[in-house]
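Two complexes come next, and they have one chain in common, subunit A, joined by subunit B in the first and subunit C in the second.
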Partner chain A sequence: MRDDAGLRPFSLLSPAVLVITIGLLLPMTMMFRFSLNRYSANELMTQALTLSNYARFFGDAFYLGILAKTIAVALASTVVALVLGVPAAYFLARLSTPRLKSALILMTVVPLLMGNSVRTAGWMVLLGDRGLCNAILIFLGIREEPLRILYTGKAVLIALVAAILPYMIISLQSVLEGIERVYEEAALTLGAHPATMFRRVLLPMLMPGIFSGSLLCFILAMNAYATPLLIGGPTFQMMAPLVYQQLTKVFDWPFASSMAFVLMAVTLASVVLSSVFIQNRYGRL
Partner chain B sequence: MAKIALTNLEKRFGSFVAVESLSLDIADGEFLALLGPSGCGKTTILRMISGLTDATGGRIHFGARDVTDLPPYARNIGLVFQGYALFPHMTVAQNVAFGLEMRALDRGEIGRRVQSALETVQLTGLAGRLPRQLSGGQQQRVALARAIVIRPDALLLDEPLSALDAKLRQELRQEIRRLQRSLGITTICVTHDQEEALSLASRLVVMHQGRIEQIGTPSDLYESPASRFVAEFIGKSNFLDGHVGAPDEFVTKSGFLFRFQRRSAAVGSRAPTSVGFRPEKIEMGRGRNAALANHVEGKVDAITYLGATTEYEVRLPSLERLTVHAADSSADPIAIGDNVTLSWSSEATFVV
Partner chain C sequence: MAARMRALTGRTAFLASVGLAYLLVLAPLIAVFWVSFFRNKIIAFPPQGYTLAWFANAWSLDDFRNGFVLSVEIGIVATIGSLLIGVPAALALARHDFRGREAISAALMSPLIVPGIVAGTAVYMFYIEIETWTDVQLAATLPGLCLAHVVLALPWTVRLVTASLVGVNRLVEEAAMTLGAGPALTLWRVTLPMIRPAIVAGGLFSFVVSFVDLEKSLFLVGPGRTTLPIAIINYLEWSIDPTIAAVATIQILIISAALLLTDRFVKLSRAF
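Moving on, here comes the complex of A and B:
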């Protein structure tokens, strides 16, 4: 008798494997190959095996500055989303009215239903020099001149946090749902003040959610395109728009490809490093 | 350790009354069991004593201290939860130390008290384990150690043994009893398991629909139940409906006359409507035992072997059915269809 039980999971996976191979691995391999080519103004690029594109990126303080800024913004927006997300997720998870809970969860994810650029355009209307915020400030006489919010790092941060917050809340809430209230009650009866209970009991038990939520948000923020492009404008640049700009405006495909790989490698490295750190600190997740 | 006094304690959820004006004094060092079916309000009482649920009326005192409006973390109680609720990310020792750390004791003192608490529940070797690496019985012991190590004013047990198998349950029951006696902690145990309540507590409170049905020692409740509910909830009983004829005589609807001696104070002014007697108090034979006051004849309908005893279903000429628990006599075994006489004493007969 032939034992083909071991084969079945693989055959179920194969359509997905096929899609990923054609749609992701193949273009990525090609792109990596491009990143080793040489830029040519006349022929787009010439075949080569050179690391000069990577050298150019790491040798130029301008590009390194943008990478550093990207990491800083991604980290900051993740931390802000975490701080805002924990109370919201806790409130959601502990709601006892099922109907209100579903309604609020739906409201949390509604922003994800509209396109990223539409949402970002909304922030532009709100934060622009003649936007709603400034109109109110001037109307109330708090400021004479419009406050410059749009095209600053602060504006990018605000809009990015808004974009990634739903992912954070949902990640945290799903883990919190699995933490029974009885653990909180046990800590309280043993004499723990609610704040101490949160720090000593809830937070460590919530760690898997904090980790997965932060990971998701950090990756999304690192690779954010529409938000930094529209809100950051020409003055506040981040990596993803920079890659796109090199690709479509400068037509330097080899350099754009190498920058895309730098962005990917840095994101991957921070994810791996943080998971190693967290596992050492809090045990297996 | 303190006397606990509940005065007119009440809990309403909207229009639903979970606990209705309940007053109860628990003596210092007493082991009291709150017994009743699910939804009778017993867990709500425990949660109000611990502060996890706010009372909508009445007061709670630990000794002279009014704790009614105190949050749970200011009450000094040890609560053992039904599922133990051990912190999964902390070791056994860390779990036990938690309450002591909240009281800001110094490290040396915490270490000593954790050590001695673990000795008390015989878990010294497992201090470094995580809860998920322990068996159910061991987890239960950790939960107990965590609750007593803080020297609480009250030890509260919420269905403490319900998650364990029968053999382990018996073992831990004795351990809890021993522990409670040696520490002298005022203890309240909530359970729906009558066997657990009878074997653990020195005094029982039977609850029904948010009210106290009867308070008494285990034998009070068993021998003189205050109501049909108590008699049916604790042990098995035979009941026949009717009315009291002479002061110590009950007349059933089917016309039997039974002498009774037990009439619970709680029945009070209401006229009793049933006579009851326990299956194991009945003597069954071919002839009547003249030394006993009450007799009835019937035919054996069904026999169920229960190990230590055998259960007989006996049908009376009036078609009423009685349950008898008796040791199986191998010399003259009784079979289905046999005519038998049932005899029992007036002391074993109660009216409710």
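Moving on, here comes the complex of A and C:
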């Protein structure tokens, strides 16, 4: 094929690049600039070049506490998702009936793309005082009174794990599909206990999937909005709802911008750190 | 004997954790689907009977009907927009080698990395700034929402179509050219038909990610102009009843149908 150097790719790409620039890159740059401005009660925002918004965030125990809580919740839900995701992904990858396998893949991917509002409604049905879980507990005689699950940290953790688990399963499954079964069989016929085989043979080969899956889950959990807001209730504070309130209720644009950037920086830092780690340890992927 | 017992316990524990994982993933969707048919006005288990009345009730509420229509409209625009600009971009990325290719590819994928709430904040302030400078209102308007959703959908289209183009045998295109077809005819009659499954899948994916988006749209909707997922969470802040379950069920059915259709063109497991 002829290649009229440079001109064709340029014209093919320019609409997409233009849309991304106007719709994301410019707004992000502008937001970073705003985060260095100053808030004033009567003018809302005054031009400045100051780090005071970041200083305010990191100097205030209230905001630091919310950041720490967000990171802790995201880490905890990622770990639980990993522990539950490995067996599920292994089961999925080693299924030998093609029909069952594609059905199970659909059952993983469809919930993943279902959207958080629907999932949140589901958890409210399940975990509420008159919800299905409490109805079962009372029916079985385990509890007399309904157990308070909704509007607690535990409920947030359960709902977050459920939301990120499909991502974990798909990430691990794609790596497991590439690991041939002969490695497992070799270890087992040589007398290794299944647990030893898993730890010494499968786990090292699965590491890239564990990292990419955990990373994706951590990012999603860090930035969760609907789950902490509706499942956690008004007293359960995480970063994403806080940014939203700051922007739409307090109208403090500079501070909201700096908080959005802190949230994004933590997210990006984890991306960079883990990709450096993976490349050092396992070579370029 | 003891070893066999241990192996059996191990296998049971393994299957139990697989079951637990899928229970967590599927339970909320199944629960909301089930409750939407309950006859009782207040959710209680077991139900007193079943009815379809809540679907009619949901449709009679302006917030949900308008939200549904708006979400469908935005979804269609996001689909068409992301295909119109995404397919040419994928052609350039897959078929040409030029300086800055990696950087442009990363830029086009960036909507996948920037969290929705962060992107929403930035785009909202950007729209307001544009309004102050030019008097063109974008926040809380259909064009503003559509632009944000095209950005959201674009990486999926570019990724699916690029992957498909890489797998196309270029000899077929070269044969068409040698036989006298010009570049435009070759593209239209040979290349595009070969990547049709990826184009269809990219379009359907665009519709799905646009339809379910919550975090990014949150900032860009206005009074009386709310997408379906936002109408759902606004309602959930006050109450949970069979009506909202019916609305959620409609979203479950639409998204499932779109994804089952996608799966016929490109295997869903390969879309990630």
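Here is the rule we use: the second predicted complex is superposed on the first by the 247 of 285 C-alpha atoms of A that agree within 3 Å, B and C clash if a C-alpha of one lies under 4 Å from a C-alpha of the other, contacts with A are read in each partner's own complex, and residues count from 1 in each chain.
Definition applied: contacts are C-beta pairs under 8 Å (C-beta built on N, C-alpha and C of every residue); 3 or more make two chains touch, one makes a residue touch a chain.
Since we're looking at a predicted model, the values are computed, not measured.
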Note to self: Following the superposition defined at the top, how do subunit B and subunit C come out on subunit A, clash or fit?
What the structure shows: fit
Notebook entry, point to check: For A:L64, is the partner it touches subunit B (first), subunit C (second), both, or none of the two (neither)?
Noted result: neither
Next item on the list: Determine, under the contact definition given at the top, whether A:V276 touches first (subunit B), second (subunit C), both, or neither.
Entry: neither
Check: Which partner does A:L26 contact after superposing on A: first (subunit B), second (subunit C), both, neither?
Finding: second
Check: So, A:R119: does it touch subunit B (first), subunit C (second), both, or neither?
Finding: second
Next item on the list: Would you check which partner chain A:A195 touches, where first means subunit B only, second means subunit C only, and both and neither mean what they say?
Entry: second
Notebook entry, point to check: Touch check for A:M205: first (subunit B), second (subunit C), both, or neither?
Noted result: first
Check: After superposition on the shared chain, which partner residues are touched by A:A265: those of subunit B (first), subunit C (second), both, or neither?
Finding: neither
Item checked: If touched residues of subunit A are counted for subunit B and for subunit C, the larger one -> C
Next item on the list: Return first, second, both or neither, reflecting whether A:V182 touches subunit B, subunit C, both chains, or no partner chain.
Entry: first
Note to self: On the A-aligned overlay, A:Y225 touches which partner chain: subunit B = first, subunit C = second, or both, or neither?
What the structure shows: second
Note to self: Rounded to whole Å, what minimum CA distance do you find between subunit B and subunit C in the overlaid structures?
What the structure shows: 10
Margin query: Under the contact rule defined above, give the subunit A residues that sit at the interface with subunit B and also at the interface with subunit C.
Written below: 194
Next item on the list: Spell out the residues on subunit B that touch subunit A in their complex, using ranges where they run on.
Entry: 50-52, 71-79, 81, 83, 85-89, 98-99, 102-103, 146, 150
Checklist line | Residue ranges of subunit A touching subunit C (in the complex, touch as defined) | finding: 1-3, 5-6, 8-10, 12-13, 15-17, 19-28, 30-31, 34, 83-85, 87-88, 91, 102, 104-111, 113-126, 128, 130-132, 135-136, 158-159, 161-162, 165-166, 169-171, 173-174, 194-195, 219, 222-223, 225-226, 229-230, 240, 243-244, 247-248, 253, 256-257, 260-261, 263-264, 267-268, 271
Item checked: Contacting residues of subunit C [partner subunit A, same complex] -> 7, 10, 14-15, 17-18, 20-22, 24-32, 35, 42-46, 81, 84-86, 88-89, 91-93, 95-96, 98, 101, 104, 107-108, 110-111, 113-119, 121-126, 129, 147-148, 150-151, 154, 158, 170, 173-174, 177, 183, 208-209, 211-215, 218-219, 228-230, 232-233, 236-237, 240, 244-245, 248, 251-252, 255-256, 259-260, 263, 267-269, 271-272
Next item on the list: Name, in rising order, each residue of subunit A that touches subunit B in their complex.
Entry: 180, 182-183, 185-194, 196, 200-201, 204-205, 282-283
